[in-house]
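After this come two complexes, each holding subunit A, first together with subunit B and then together with subunit C.
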Partner chain A sequence: MSTLAAVPSEIAAPRRAIRRRRRRRIGTLLLLLPGAGFIAVAMIAPLLQLALGSVGLTGLGASEGFSLAAFGTVLANPMMRDAFLFSLRLALATTVLGVVAALALAALLMLRFPGRRLVMLLYKLPLVVPSLIAAFLILTMIGPGGMGARFAMQLGLGWPQLVHDRAGIGIILVLLWHQIPVTLLILLAVVGSIPRDLIDAARNLGATAPSVFRHVILPLALPGVSAAALLVFIDCFGAFAVPSLLGPAYPQALPVMMTTEFLERAHWQVASAIGVVMTITTIAVMVLYHRLIARADRERAG
Partner chain B sequence: MLSLSGVAKRYGGDVAVEDVDLEVAAGEFLTLLGPSGCGKSTLLRIIAGLTDPDRGRVWLEGEEVQDLPAHRRRTAMVFQSYALFPHMTVARNVAFGLVMRGLDRQQIQRKVADALALVELEGLAGRYPRELSGGQQQRVALARALVTEPKVLLLDEPLSNLDAKLRDRLRIELRALQRRLALTTLFVTHDQAEAMALSDRIAVMTKGRLVETGTPEEIYSRPKSRFAAEFVGVANLLPGELRGEVVTTAVGRFTVSAQRASAGEVAICLRPEDIAFAAEGPGLPGRLTHVTYAGPFQDCIVELEPSGLLLRAHVPVRPWHIGGRVAVRLPARAAVLGE
Partner chain C sequence: MNPVWSLRSPLLGWCLGFAVLAGAALVFALPIATAVLWSLVDPEVGWFPPHILPASLSFANWHDMLAVPELEEALGRSFLIAVLVTSLCAILGLPTGYALGRGRFPGRRAIEVLVLTPLMMPGIVLAIGLGGIFMRIGLSQTLTGVVLVQTAVILPLSIRILAATAQSIPSDLIDAATNLGAGPASLARHILVPLLLPGLLAAALLSFIASLEEFLLSFVVGMPTIQTLPMLLWAYLGGRSAILSYAAVVTVALLIPTLLVLVVVERVLKQEYLAAGFGKA
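Take a look at the complex of A and B:
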């Protein structure tokens, strides 16, 4: 009897455990929903729509069905290629110049000098001024007929073309105006987190201020520097407003081309394909960055 | 060798260091002893040039250095956190000071190897600080300081992050190394046992001021100040009146060396091991209120009758028990304390 009575309870116990586990799993999923749902709706859905739109599955003109024709148009078109290279050049130049300038400023701001607090306050000013306004400011300063040009004329000198130029100097200047403070903000936070004892130890061991910066601060701030560089690159590669206002007629920056395809030509599929190319480029840069960081860590760990 | 005169430093309205005068002889091991926040680390940083004093002068080997930047002072400091550069190997950490002084590669390699041998870390040159134990990191920090052949070695609580056993061992090694190299050393600690074990002389600090300087034996057995008497070891302080070389207290008369204190109200200091008691015989009557076994001795508190005065005594281990009546014998001589 006792053996027979034991059988149902042995079967029932695992069933109860399974039901409990299932309930717990559903509970966990419900708890995840606010965070995961937000990411899905706000981040994954637009990317998915972009990807589907690029192959003709969503958006206007989707009736033709699946097609890779838009990518063919983007990759084969020399205008698009030049736009891609132009955006890449703008982003790389701004990143390199911005990071170098921010590093120099960070080094300077580590020293004590009269007016340091004012500089600490002023450098944040561009952060609250929108890029478009900065673009107008730069235009009035260095554009043809601007302040610089008129001053040069007074001196009987010529004035180079610094806006709407093929090198994108005007665009880079405005992007730098905005990106240097952002980079500096990140760098100062990273530098501030370096233990004071390390800097004091270096000074005590005979290091001058530049040596302390080169041998201690810079290597320890490098992860922050590279993260800041990555953010600047991504931001500048996707910049639209400034290249649109200050860029040359040809080549145009890739986001400008994308907007033209969207709004003026209603080529939603081509515009989406440009968006996909830009996203892939950004992801490729991020992957490259993480690989480089991982390799540097491995080398450091020996 | 190292002299400080009238050194003072304030942070806002708070006094960090106040009019400190100090002399350290060549090859001497002097400890700055005091509670946290008493200004001892600030004083060390002023000597190293890492903190600017508000006023006062610092001399190193006869040269006035208070206006010299830190990198030109030839002092070497070991920090409480060790401050090893995390992105450099042990060898590169130790070599740092030599590279900064522009030595050639061969010289650096030889000196680094010698320094690592000195602290018995020859096999760890290629490791990173994070791969070392606390004790090993401490040795690297010491090697990094010693390799620069500094005029004065400054140690800012370098043993405080180690466990008790390792701390004890490194204390002995540190002292032996300092003696062998005849290195002028300034050591900062709040641990009085550490100060006693290591130092030729101890300078006791409180509230930014240097209250007393002397050998460990002088500070312990004949403290001049109430603060030093209470901070170093356990002290029984008895109020009394000084006349000539005799202090009269509620529990008897004590002969003191009166040259340091003027006649009148004073306090004398009796150390717990100066106090003895027996179950019976001559002595002041008392009752045990506290008995703790402390290994080589018993830590007792005895209440004297009829005064009710409590005295802390360290006595040989016997079967004493709380509430037991004893006859207390006090020494004939005691240290008299100024303010």
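Take a look at the complex of A and C:
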């Protein structure tokens, strides 16, 4: 309808309107160009480099022409397979535990208690603390000779090995310390944008606070939560710093192997092939995520 | 504003508050206090388990670290890089953020997704891809190279905060100014600049901190010539050999500006913008 209504005025002064609109379009394009252009180049160039490099088509080191040898190395090597599974497990564990913890904290922060405002500020601390510092802080808590171990010794108890362990518990704890606040921040922003009327209406109709959380807030916040979970997963799947410091000697996380191949062994083709595998995995997870979201939407509508 | 409910009994509220604050102390205060203690441990005496507190404290580690040119160099370099990255992000991000926040144009959603891609790709993939290109074109192990890779991952943060700020400017205000005959220059001076300034400041602060802390891409592109503070921390934490008290000194040195910025950002920035910056889709 609106396009129909716009027609007469365009007939009245067609050229001027078109020119003005075109000028505005060009203006917008020029404004978009610096930032979006920079990001486009900075994203497309490395992916091209990895894709071409993984089949030996770019001239880093000795270029032997097209070959799939690097993919053979990556896919056939059991060390690489274990690294892939290790990274996948770290990312999955952190995502699931992180989302559950963030939901619990969000529910808790909806209650009024003394010190709530302080906690609302404190929880943002990890957002601005680099993961290396987080690794150090957690290491001094749970590592051998850390605070936990010292208190346990005072009490005459033992302390389990939580860093450099094969299950990657130390890594997961550091990743959680970092990712729970990110999820919580997004979650609280989404909850904050839920219309107040909706919640008041449910309350006036006699719903208890827990049931409002369960039946009103949670369903409306779910898209935000799932988007946050996706970001957490990708971030943890590609994590290098924390696994390189707190990880076991075997298995290593995939990004750690990739960096070693690239920086220390100068196996650029193998490093690029790992990069391609990681990119494909990430894209597969994103596609899966969108499928699940679309299906959930359909089910809710139907 | 988030909904807040009162508990039925105030006693329950006090118990809950106590439990939450105790948890926060365990997760935040105790680790930071331990880091400060580690940085003050007397190297002559050491701090061995099972002692809960070090037997004696000294500034020896700080003296040692300040005497090593490594730290001073890394500190200066990190701040220089942070200033450059912040400026670049502001220059590139302001026009794009404004267009994304205000304009309606075909393909807007696509541009928004594009801006988010650096957050949706594993950092290591970008690092190795860009690292490979930089090796070929001679930007590897240069300051320019490190500034460029950091900008690639920090720019989205800046664009999204600026877009959220631009979006919050009421259209009426701009229309009114235009109808009253304001040209682009006076529109910018009297309306846009004052209203965009808080967002620009917040974006700059967060870019600055993000640059100060960026490790992975700087590591892959800059190592070993261009060493930043986080790279030094990585080395002290076990990349080379673990020197806990030196790591603690670098940690405390990096934590102080971080905490300051957190408090400032909390004052200037609405929570929604922070969420926008951290990739609320």
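We take it that the second predicted complex is superposed on the first by the 260 of 302 C-alpha atoms of A that agree within 3 Å, B and C clash if a C-alpha of one lies under 4 Å from a C-alpha of the other, contacts with A are read in each partner's own complex, and residues count from 1 in each chain.
To be clear about the criterion, a residue touches a chain if its C-beta (ideal position, glycine included) is under 8 Å from a C-beta of that chain, and two chains touch if they have at least 3 such contacts.
Keep in mind that what you see is a predicted model, and the values were worked out from it rather than measured.
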(request) Report for A:Met147: first if it touches subunit B alone, second if subunit C alone, otherwise both or neither. (result) second
Larger residue footprint on subunit A, choosing between subunit B and subunit C, goes to C
* Regarding the shared-chain residue A:Ala294, is it in contact with subunit B (first), subunit C (second), both, or neither? -> neither
Subunit B and subunit C footprints on subunit A meet at residues none
Residue positions on subunit A within touch of subunit C in the complex are 25, 28, 30-36, 38-40, 42-43, 45-50, 53, 58-60, 108-116, 118-119, 121-125, 127-133, 135-141, 145, 147, 149-151, 153-154, 177, 182, 185-186, 188-194, 196, 199, 209, 217, 224, 227-228, 230-231, 234-235, 237-238, 240-241, 244-245, 255, 258-259, 262-263, 268, 271-272, 275, 278-279, 282, 286
Contacts from subunit C onto subunit A in the complex sit at residues 1-7, 13-14, 16-17, 20-21, 24, 27-28, 30-32, 34-35, 38, 48-52, 91-93, 95-100, 103, 105, 111, 114-115, 117-133, 135-136, 148-149, 151-152, 155-156, 159, 206, 209, 213-216, 219-220, 223, 230, 233-234, 237-239, 244, 247-248, 251, 254-255, 258-259, 261-263, 265-266, 271-272, 274-275, 278-281
In their shared complex, subunit B is touched by residues of subunit A numbered 195, 197-198, 200-208, 211, 215-216, 219-220, 300-302
Within the complex, subunit A is touched by subunit B residues 45, 48-50, 69-72, 75-77, 79-81, 83-87, 96-97, 100-101, 126, 128, 144, 148
